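Each of the next two complexes has chain A plus one more chain, namely chain B in the first and chain C in the second.
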Partner chain A sequence: MQKASGKRQAAGRMGKWAMALVAGVLVGLLIVGAAAAQGGKVTDDQVNAVAKQLNCPVCENVPLDVCETQACAQWRDLIRQKLATGDKPEQIIAYFRATYGDRVLQSPPREGFTGLIWSLPFVGLIAGLAILVVVLRRMAAQPKAEAEVEVEAKTDAVADEYRKRLERELKELDK
Partner chain B sequence: MTEITSPQTKTSSMVWRVIALLVVVGLVIVLAFGLRARYAAQPRSGAAPDFTMPLYAGYDGGLGKQQVRLADLRGQVVFVNFWASWCVPCREEQPVLEKLWRQYRAKGVVFLGIDYVDTEPAALQYLKDFGVTYPNGPDLGTKISPKYHIQGVPESFLVDQQGNIVWFKIAPIAEAELTAQLNAALVR
Partner chain C sequence: MITDVGLIAVLLSFAASVYSIAAAVHGARNKREDWVTSARNAALVIAPLLTLAALLIIYSNLTNNYRLEYTAHVSSRSTPTVLKITALWGGQNGSLLFWSWLMSVFVAGVMLRKWDKNRDLMPYVIAVAEITQGFFIALVVLFANPFAKLWQAPTGEIVGAVFGASGLFATLNSIGMSGIAATLFAPAGSLPFTPADGQGLAPLLRHPGMIAHPPFLYLGFVGFTIPFAFAMAALITGKTNDAWIRTTRRWTLMAWLFLGIGLLLGARWAYDVLGWGGYWGWDAVENAALMPWISGTAFLHSVMIQEKRGMFKTWNMFLIILTFAQVILGTFITRTGIISSVHSFARSSIGVPFLAFTAIMLVGSVGLLLARLDDLKGENKLDSLLSREAAFMAQNMLFIIINLAVAIGTYFPIFSELLTNNKITVGAPYYQSVVGPLLVPLVLLMGIAPLISWRAASAQALGKNALTIPGPVTLAALVLLFVTGTRNPFALLGLGLVIYAGVIIVIEYVRGVRARHKAIGESWLLALWNLVGRNRRRYGGYLVHVSIVLMGVGIVGTHFYQQETQQALAVGQSLKIGDYQATFRQLELVPSGQADKQIVSARVDVQHGGQTWTMRPYQEIYGNGERMTPPALWGNMQQDFYLLLGGYESDGSLATFKVFINPLVNWLWLGGIMFIVGTLVAAWPDMREERQAVRAGRRAPSTVQA
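Moving on to the complex of A and B:
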């Protein structure tokens, strides 16, 4: 009886070990499978993260990630293919720029003629400020000049009156 | 009361006026330049704008080159067609273009297909599907289409032996009309 009981206990321990082993293998397989699936499949979010930096090639100011045309669908497919083959988003953007020109970029590089266009508002702002400063300085200078002229005129009048009085009193003394 | 203005103030004022005028004139020029480029129409006569186009591998149409320059084809009638694989009307005219290319290449006519803002895999599949054999390549950097001010695809231009545009079409082409235009261009 004791022998039979010991065998059952040993068999039970073995069964638990086997189950733990199977469970461990299954968990491992799940982790590896999930990782493989993540690496192989490119999600829409990944595609759109690149696409939103580009313009629809046949529309006016429509970002590629929200564009409904067939041309845009093909461009997004190309982005997906390139991401799946391991290209980085910067490399994909550079490819699109080289293949289709700067106009496909949502934010065109600020160089050359585009740079000139970008600088115009700042040039306008500086010119406006300069004009404002000049006008304000003139406005401030004008009343001052007027006041100075008035003071000079008043001083001359006082001096004339004083001179006349002095002459008059000298004449009286001479008498 | 008399306003007192020194010669220095007068000069400064004049300088500022000239600067302001230059800024305004500059803005107007930039605006005009941008509008002109944006709203210019397709050329319908005169010298065809020159361009160099790389050719898709296997689509040199017997030219034996990796790229083609329009100016190098002077002396031949050249039919220039802008297309794209995503363009539905292009599919309508494609069989006509291939048929007429095969008929007229022996007469010295060159067909050039310019693939507009297309993806290369889709474009190559399109060319394969339609059995296209004439020279085809991408509008790399979108540099050719602005020269011709195209507004979409398909758009086609016929260039005579002297390098002048003699015909322009903004819609899918019918066989009879292109045949007539090619014949007319050949006898010019």
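Moving on to the complex of A and C:
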């Protein structure tokens, strides 16, 4: 019994801590939100952090944070306003995506057809590794070709005299 | 008009290239040396003809001949003389002529070299090279003619056309050949038109970096057609031994070097001009130039296996075909803008012919490859999975996967738009997260592979060489980095890998020098000189690896530790970033010397580590409203302080600054210089090597009869 009540007490204490934590976080959020709602200064860096994940609406493949065009300046202002009213970066990006389509995203969505772009390289890598292993094993199993003797002679002829000597000396040095 | 002489020269060069294809094939099939010689002469004559054509375009730019559509498009009265010259490659039509001209010079170089080593291959080398050459000249004539003049159509529209008003315009249009119609003819009733001034180059292209960047890229692109032509000739004649590889080794290296320099110049240009704090944006056009370089790098490595061991012949053929195809696609993408939108492809008149040519060359070359598969069987078996051959194959696989990943990112938007009507953009995050991890095993292989011997390596010896010294040294370096504040595990991994690879190369050098010093008694310096001089491929290759190590340091530094901030400052206010403090002092208007350009410059005092200095970031504002914001730079091997003037109040009271701190970025540029040095060392002609190659060539069995 005592044990059980101890547990309950412990659970109660933890519950209190959790409540306090939640309350703390909520208060914190309120403060941040209030500050934002009051037009608390949104820095250029905060705007750019969001803009980095988006594309310029007119130039191809240019991230929004570095583009000098008027259109981009307007979009950045929009981001600033939205940040000032307390929108989260994810919400802002979702807004742009919903309004202008997937092309505004720097990083294509990971789902649906465009998701292929993320998975294909790994399919390629796995396939490449498999092919490599199969090919190398098959080549290793291949019987010695007739031409080999001749080629060996050729390889020797090509091999730099000096290099051979160097290798010999290196071997001696390593002993 | 004198430019008509250029037009005639281009037409003659087209005739010469068609004739030379026919004569070369005829001569080869009927064993008629005189026909082959005639084909060679025809191929040789194209170079001077196209030189004349290119010079006439420059002349037209220099003499403000705005009757010529191209000159009116890329030049203007206020354009500085240097830019009037480089405007030859400032627009599509001129750059295609420039491409053709470079190609003709390369081909002339091949024609003039000694033929005795590959007399059988040469006719088909001429034929394949001239097919490519002829295609580009045809493009210049029919679709992108820089010699077109301006006309005013009855509708008032200003059009460019080579031959002027003609009923043929309507006729050609009615049979669906609108691209050719628009190039050659103006609508019936059009009158000659000469504007008072030209438009001039786009501001971005006026930078000195743009003078050197495209020629190097094109030199690289064009250069790869030479090994491709030799490879195809080897397939056609059945002489599939390694003669084609030995003959083209230096051409390939030079093409690879030029393409690499082109990429580096492009990166530096982006860093100095575009003002976004970085050097590589993973833009479709950049990727288009990077991809042939990646497959070319794989090719440069894998041909070594064929030379040494007579293996992987099919694979090498595949790699050179892939590289050539990517060269053509690369030119195509940079010139048509297909990636930005499928629609811009439809608007561009050169899109369809380019795609058709790429398809024909691909089908033809792959068909040839398949027909010769039996001849391409390896001469040797793989002795061990732990061998230099196997390491090269693993490295090749990684290069191809990286190439594939870049290709997916580059081309996927086209398929997405075509198949699902969903336009997407693939930005840097995709490439960084996909290519980055693939570089890990690649750099590791770069470090270890030189220690793995040919045929079969003993795991014990490899372990000893790979770990005894490099292991502790790398570990010590990592500990030092960790203690001094580098905590990002991925950055540590990257730096650890490049340090490891670097240490192994240094050891290789030290071992070689010490052996010479001890055995022959040469002084240390002389031993180093002779070691490199007598094994240029090997030690030049190592230098290129060192350059990758240096670039790797720069890439890791900027990727993981770049800092940035953007702040609006009133006069006298400061911003802080890292241990830098920048104070805005004054905004001033600076005379630019050009009528359509204004320069607004800011004076900023920067403090760092007890030092203070002044920096002047500026904006260039052009008549057409375009702005350029090049950075002011202050840096050393540790970092660059990259300062941009973002915007300003017109009264000069307030200005917005953007600042980047780019750690270690200058290692990248140092690596770039090392890349050039290393490749030149590896490619430098070595008379002893030549003699050996000749001897070996004589002794080599001719595998297949023609």
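Assume the second predicted complex is superposed on the first by the 103 of 175 C-alpha atoms of A that agree within 3 Å, B and C clash if a C-alpha of one lies under 4 Å from a C-alpha of the other, contacts with A are read in each partner's own complex, and residues count from 1 in each chain.
Everything that follows uses one rule, which is that a residue touches a chain if its C-beta (ideal position, glycine included) is under 8 Å from a C-beta of that chain, and two chains touch if they have at least 3 such contacts.
Remember, predicted model here, so these are calculated numbers, not experimental data.
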First, second, both or neither for A:Trp75, with chain B first and chain C second: first
Contacts of A:Asn55 with chain B and chain C, given as first, second, both or neither: second
More chain A residues in contact [chain B versus chain C]: C
Touched partner set for A:Ala140, first chain B, second chain C, both or neither: second
Contacts of A:Ile117 with chain B and chain C, given as first, second, both or neither: both
Touching partner for A:Leu105 - first (chain B), second (chain C), both, neither: second
Intersection of the chain A residues that touch chain B with those that touch chain C: 101, 103-104, 116-117, 120, 124, 131, 145
Chain B - residues contacting chain A, complex: 1, 4, 12, 16, 19-20, 23, 27, 30, 84-86, 117-119, 121-122, 138, 140-143, 152
Residue ranges of chain A in contact with chain C within the complex: 43-45, 48, 55, 60-63, 66, 68, 101-109, 113-114, 116-118, 120-121, 124-125, 128-129, 131-132, 135-137, 139-145, 147-148, 150-151, 153-155, 157-158, 160, 162-163, 165-166, 169-170, 173
Chain A-facing residues of chain C, complex: 274-277, 281-284, 307-311, 339-341, 377-385, 390, 393-394, 397-398, 400-401, 404-405, 408-409, 412, 416, 419-420, 422-430, 434, 438, 511-512, 514-516, 518-519, 534-535, 564-568, 627, 629, 656, 692-693, 695-696, 699-701, 703
Complex contact set, residues of chain A against chain B: 57-58, 69-71, 73-75, 77-78, 81, 98-101, 103-104, 116-117, 120, 123-124, 127, 130-131, 134, 145-146, 149
